[in-house]
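You will see two complexes here that share chain A, one where it goes with chain B and one where it goes with chain C.
Moving on, here comes the complex of A and B:
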């Protein structure tokens, strides 16, 4: 073998690696470098002073002998900004009681109400252990924890994979369980109760919780020397408190479509009738996910598609494509395009008519509405002389939706119904071994 | 009976996949490249999942999420 025959060298390296049973080629390269560190710094910013998030994430993987490995990760998120409350716009200013229940905020005439009182820091940590169980089996177990001001998450997962057909086929099955505790600012409001004056907490309960069970089965199949495919089916069963405690629905005049007005009897309070949202206490989701990687010589094409359907009446389709294109020996550029579309939940209501009985379930949360979203971006990266790998990613996320026409009443038709969401995503990453 | 059908379906699936492609270990030069791994950028994937989980009604599919949140 001569040094100037890289394809032969690569083939032999791959064969050696496969014979040794080492899935991670670089782990065998240098016995001294047992840790691989992956880090990222993210800025996510929505236009119009909506949500801004700065996040730092680090993940460290320690390789042990016999393909056993431990991965630890830590993420810190800092969120500020405003988020739509669910109330509709009006031709006059609207006053709302803030989630804490002791202040009010005002939305200008003609504007979709945004609740700008939230500010949160989230810490998340995960740990996972992977090891072979027998020659063709791989077992993995993980724990996850996250905490923020009003929310705590605890999760555990287990999975087992088995290789077939000279490791050209891998079947995978996993189960994940999580327990989340929600302790909203000011307490969780009673679903469909009316927003009360500042200082009146009689419609608020304490904390609540939910549990989520996820099952995942999947297959990874080599389709040729340059192509690999993965197909997953997943099932998710969430039960417990599934409301967003800060979202409300406007109650409107059945003819004009304007929010019913009220005068706060004492002190500060809402100037309209708004009810806290109510969602079912269980949600079953099914999704099918497929992704394919194909090498076109040095460039690599990655395409993915997901279909999701749930018993809230939401169906969604997600398609994602990215092409990693090498520039010289050390750099690459990777354009990315993602498209997402969903229809509204059965109980999505942009407003409630004053002459109808209060429904059991209703939410005006735009995330349960009907919308499309496009993400377009590019990632640029390269390797350093010391073997590290850096990257920078810039993406633009655009979401635009609409309220179903049969839900638009009277004057609502000439006002903005559904706020578009435009966000920029900037991410810097650095990976190295030590 | 149900078990036998399941086993039959499972073996048929494997037999079909076996027929479709079987690369020998020394033919895996391309697939062994780090960027050809389906999990080449787990941190990017986690960040994307977290953003879209917060802004859309769908989540998951690829694998297990890295932690819940009461995202606004």
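Moving on, here comes the complex of A and C:
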């Protein structure tokens, strides 16, 4: 008998009818419902009125036959608030020229200076296409674009995955490339140039750009019926303009550690000596990531670790654990704990001594400093009877860092050097098909 | 091995969910109604149906028709109408599968232990057991069944799907055109679309490993069944042997997919097609394309 006998369906239907009796309607699935929509609203708020971010994202995935898939996404986020400029605190008020270069702002005595002119709206869009290439290969390609008032990003990525070993093993490799154009408010300052009076733009250039190439190789291995391990290595090569155009470094008296004072000739300008930061124009990063998912009956434990090292001298470690715990059939609760630690970049300098030559590279950006962070959170979610999936996530982020003791000079020791950062993250998500 | 446990029932948004255990599997009935008494009735019908089919056809019991047939030692056994229908259906599947499927092949389990180990039986052992395998060696003259001594039948390959459809049908007979999902351990039937035309979303375990997504199918009506079980296998000589045995050879089907899920008009048809597909080994996909049903292969 032929394996593909077209009459088999009829034979089977007749045999089934004899077994069950007549009156079975035809099968109908939701073949028409091929769009899957994923929406999310996120709030990120730093304590003490620092950065607040509200982000809305929507992505739509269309499934075609043969596991081909198109995904489109749109994100809008609005950032407001203030972030540390890099200048150190002082026992007297400090005046700075704003990034636009046409006005000034004042930081109170004893406070770490924050640049509070920070306001931005970013729009991002991505599109990606995934399809099987041969029996065991899956290919994916994507494009991304984002724009905000001082920054434009254009990116492209490709990846290929192959299954082995009865699909117990998947190897994948990917490449991503991006070109970012930076057009800072008031122009990009010349690295290590001094902050000038309002209205004087002689130390600023126009726009600049950077390119980033990322390579990723990895393996996903099923380790038995309850465990999946994923390990990957990624390499990233960024080159071009890698400075933050709004970050500065205070120049200080080598004995007192206080910022050198300055009298603005025009009356409206910085009251101290501050240099715009300077970072190398290339950065190579290597990172290794391992993730283990293990099911303990219905609950699923997820643990992950990442190590990153770069040629700026930063090494970082991230450890992450989540436990997804089902409650009944329709709900789950998922507590999460994440720990992050990094050491400072080789050129991290909380301040520059007035008696030393101006270094080629220096940055007082706290994000390049030495710090630890703990994130503790919980996610709660469920499914509606229509198949919609909703979730709510609440996280608390606690970061504390320090300035290397050999960089603390004179009076700096009795002032706050590296401000703690606490933030709340709230996210709501809803996913449905239509 | 009947585990008649208590029936749990709860309201979830706009339908009732009932849970119980039957055939060593978690079972679920979803009923589109607000009335608790209707939901309780539907849940009771489905669970009683599943438990009674399990009692009647389990090969682990010594008080049922399967036990009488398997211990008849060559004597003819007269069977009831329901058993006769199941035997007729098995007979049809054996023919459709070119004798790869066979309800007498269960005795091969004495040789094969699918526990992830590398124990492969000798060909002599398999040949010895194959003397007791083969539907063509059975005399089935409705309602009389006569088997050689030592032969056994096992409805394990079709009983669960049959129970799903039988339960769905009994609910329909008693409660009318009510939209419900009967899910016995992942084999599913949906009877009648929901009032607003929306699909029920049913999860089908596509792979045994966590992290791999459970495939969700939006089902308005029809049956879904999955065959193959990536948790039960042998590993030997670098090869993975599925637990699905080809009754003609007594060996596992080579290069069979880990699991095949089929959507058909009834759960019984879906189960038959997924089983027949696995028995086709590497040709499973081509076989299913020929059947013009919706399917998912792992």
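By definition in this document, the second predicted complex is superposed on the first by the 404 of 434 C-alpha atoms of A that agree within 3 Å, B and C clash if a C-alpha of one lies under 4 Å from a C-alpha of the other, contacts with A are read in each partner's own complex, and residues count from 1 in each chain.
Here is the rule we go by: a residue touches a chain if its C-beta (ideal position, glycine included) is under 8 Å from a C-beta of that chain, and two chains touch if they have at least 3 such contacts.
From a predicted model like this one, the values you see are computed outputs, not experimental measurements.
Asker: Tell me the contact category for A:41 with respect to chain B and chain C: first, second, both or neither.
Answerer: neither
Asker: Where does A:318 make contact in the superposed view: on chain B (first), on chain C (second), on both, or on neither?
Answerer: In the superposition, A:318 touches chain B alone.
Asker: Considering only touches as defined above, state whether A:330 meets chain B (first), chain C (second), both or neither.
Answerer: Touch status of A:330: second partner only.
Asker: Looking at A:127 after the superposition, I want to know if it touches chain B, chain C, both of them or none. Which is it: first, second, both, neither?
Answerer: Touch status of A:127: no partner.
Asker: Tell me which partner A:293 touches in the superposition: chain B (first), chain C (second), both or neither.
Answerer: A:293 sits against chain B and chain C alike.
Asker: If you stack the two complexes on chain A, which partner ends up touching A:260: first (chain B), second (chain C), both, or neither?
Answerer: Touch status of A:260: no partner.
Asker: Quick check for you: in the superposed arrangement, does A:425 touch first (chain B), second (chain C), both or neither?
Answerer: In the superposed model, A:425 contacts chain B only, not chain C.
Asker: Is A:222 touching the first partner chain B, the second partner chain C, both, or neither of them?
Answerer: both
Asker: As a test of reading the superposition: which chain, chain B or chain C, is in touch with more residues of chain A?
Answerer: Here the partner covering more residues of chain A is B.
Asker: Could you look at A:384 and tell me whether it touches chain B, chain C, both or neither (first, second, both, neither)?
Answerer: A:384 contacts chain C only, not chain B.
Asker: Would you mind listing the overlap between the chain B footprint and the chain C footprint on chain A?
Answerer: Touching chain B in the first complex and chain C in the second, residues 11-13, 15, 18-19, 25-26, 166-167, 222, 224-226, 228, 293, 295, 300 of chain A appear in both lists.
Asker: Which residues of chain A touch chain C in their complex?
Answerer: 1, 3-6, 8-9, 11-13, 15-16, 18-21, 23-31, 33, 166-167, 222, 224-228, 293-295, 300, 328-330, 383-387, 433
Asker: In their complex, what parts of chain C are in touch with chain A?
Answerer: My answer: residues 10, 12-15, 17, 19, 28, 30, 85-86, 88-89, 92-93, 95-96, 98, 162, 165-166, 169, 191-193, 198-201, 207-212, 216-223, 230-231, 240, 258, 263-266, 268-269, 272-273, 280, 283, 286-287, 290-294, 298.
Asker: Given the complex with chain B, which residues does chain A contribute to the contact?
Answerer: Those residues of chain A that touch chain B are 7, 10-15, 17-19, 25-26, 38-40, 42, 44, 51, 55, 57, 59, 73, 75, 79, 83, 118, 120, 122, 124, 126, 142, 144-146, 148, 150-151, 153, 155, 157, 159, 164-169, 174, 176, 178, 180, 182, 184, 212, 214, 216, 219-226, 228, 230, 232, 234, 236, 244, 246, 285, 287-289, 291, 293, 295, 300, 304, 306, 308, 310, 312, 314, 316, 318, 324, 332, 340, 342, 345, 367-368, 373, 379, 393, 397, 399, 421, 425, 427, 429.
Asker: Per the contact definition, I'd like the list of chain B residues that touch chain A in the complex.
Answerer: Touching chain A from chain B are residues 14, 17-18, 20-36, 38, 42-44, 46-47, 51-52, 55-58, 60-70, 72.
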